[in-house]
């Protein structure tokens, strides 16, 4: 019994030490303001995806991360620091991106993140920079042609921490949703026959279908997914600067170029 | 306040579902990997050389690669190779059992082989068969040697069952991941997950100590 | 009772027994002596097939020991063996050590086996220790339990492999006393030992081995006073002058 209380005591002490340390780190970054922090470190640290074709994909040969998110992020670096190369990319997943932003590991999230009310409680968003819609990726010979074709037994794969799981549960309450660590794993599981369909934003699904022609993306979308750039809660100064950048890119036509370069067509 | 108790109270149902998954995974895998491990250990000590090689190859292969690779192989490789799709929970059980049984086999083998050779000779020379000698003389002594390492393996097994989350099989870790993506309160979410793991592992830990006291190592008759 | 005919044994590159010819008659006490590494333990361990011979013919109690088709456990029932390191089962009491084989192999009832065990424990002089564990006994007591265990199956032959080598000097005597008593009762015994006094007094025959070969075989009176072979003389002078 003595050992019990000793162990519980020790665990609590350990928990509080960790809490205290994390608390300090967090306060430091909040007090400073992101623009000041960026200028001090001489670069923006952007959280981006490394495994998403068309948006943020690391080319194993060159080691460079490429995609629409990357090009947008570089333009923000150019606006803040005058140099589009004054930027460091750090890999995030749907699961890690918000905690990393809050901890100050990254300065902004440019990682195909849908603006939602729930997330707005945790972080602030820029204006919309891309509008996607959730759809399904299915094998070419699948009989599923609409979300309505998903039967009760059908397993739908997606990644943890994304809005996709919630959306598909709302659209098809009976669906069995399996959530994997990231989309690469979910796609591998789909290829292995672990589910009938993979669901997320169509923009990502097109990238997967490009990689493996045995799969196709449904035409139909059942949500609107406005992507925004995530910044720390209350950092209005930085959010405003990002919005100005996005506006300029729209006005001078650069946005259309970037869009076309990756998505293969002009925005609607 | 860094630890938000609302994370626990609002998502208790999910934690409990996850806890149930982890308990089920641990119990089933514990039994299965003990049986499989004992069988592999027998292969390792059999006098028949080819069987020995099979046993040793099994142990060395599976205990020297990361569990997560075995898990992915079962999830993805098995369907691609055999056309049989295992549901994630079964995939997880298979991976965990295959992995843990390699360590258990090694612990049992070491236990049996650390019983002095003379014990087997004495038993055999009195007319006992190999199996009788194993049953009445070698194994009762080996069990005492094997309890501490086996206990460690069982503790590891409970913790390693968190591999289920990457297979999207519902265990404590998977539910914690999902809670995290709802609350974005990573710290609180996983602190409570850790507490639930401790609820499982600390009694187990004490159980092992009890067994160690219950079956103390017999002092050898030789110096 | 025991016949070695042209027995050879190899351990990989080592030729540990070379052309052994030896017969032991019923009721005979044969003591095997020789320098360490001479193959005497191996010789004894071949008799109940703890070691396989490589070639030659070995017949014990009418059974061809190196024939794979014989029921070796049947042969072993009739041969008791006592080891240098006692090899008592440490997790079992003295009584359980002795009754394990009678119950499991001979199918005796527990009561029957325990009654027989008490007779043997009485014979080796430690009936009062029946419920002790081996770790609670002295070396000499442990070895006497081991002898009682060897006797439990009413063997026709008793093998002793250096039974006193691991004992403290003061407990050697009690073990030799028990062995002497067994010899007087007419037990067939093969004993590997360095106890020359015991050999001289109890043995019907001495077998002297060196480098895997039987160098000399003689009655003790002759062997200890007038060994025929030079190597035996050398060995005796070294061991007796110690």
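Chains here go by letter, A, B and C, matching the order in which they are written, and residues are numbered from 1 within each.
Heads up, the rule we're going with is that a residue touches a chain if its C-beta (ideal position, glycine included) is under 8 Å from a C-beta of that chain, and two chains touch if they have at least 3 such contacts.
Because the structure is predicted, anything quoted here is derived from the model rather than measured.
J.: When subunit B is withheld from the analysis and all other chains remain in place, what is the resulting partition into connected groups?
T.: Connectivity check, subunit B excluded: A | C.
J.: Based on C-beta pairs in contact, work out which chain pair has the most and send it over.
T.: If you count contacting C-beta pairs, the leading pair is B-C.
J.: Where the centres are mean C-alpha positions, what is the separation of subunit A from subunit C, in Å?
T.: One centre to the other, that is 80 Å.
J.: From the C-alpha centre of subunit B to that of subunit C, how far is it in Å?
T.: Taking the average C-alpha coordinate of subunit B and of subunit C, the gap between them is 46 Å.
J.: Taking the mean of the CA coordinates per chain, how far is subunit A from subunit B in Å?
T.: For subunit A versus subunit B, the centre distance works out to 36 Å.
J.: Provide the list of subunit B residues touching at least two other chains, using ranges where the numbers run on.
T.: none
J.: Okay, in this complex, where on subunit A does subunit B touch?
T.: Going by the criterion above, the answer is residues 4, 7, 11, 15, 19, 22-23, 94-95, 98-99, 102, 118-119, 122, 157, 160-162, 178-181, 185, 188-189, 191-194.
J.: With touch defined as at the start, can you tell me which subunit B residues reach subunit C in the complex?
T.: Where subunit B meets subunit C, its residues are 116, 118-119, 121-129, 132, 136-137, 140-141, 144, 218-222.
J.: Sort out for me which residues of subunit C touch subunit B in the complex.
T.: Touch list, subunit C to subunit B: 48, 50, 73-74, 76-77, 79-81, 83, 85-91, 100-101, 104-106, 133-135, 142, 146, 149-150, 152-153, 166.
J.: What does subunit B use to touch subunit A in their complex?
T.: Result: residues 2-3, 72, 75-77, 79-80, 85, 88, 165-168, 174, 177-178, 180-182, 184, 186-187, 191, 198, 202 of subunit B touch subunit A.
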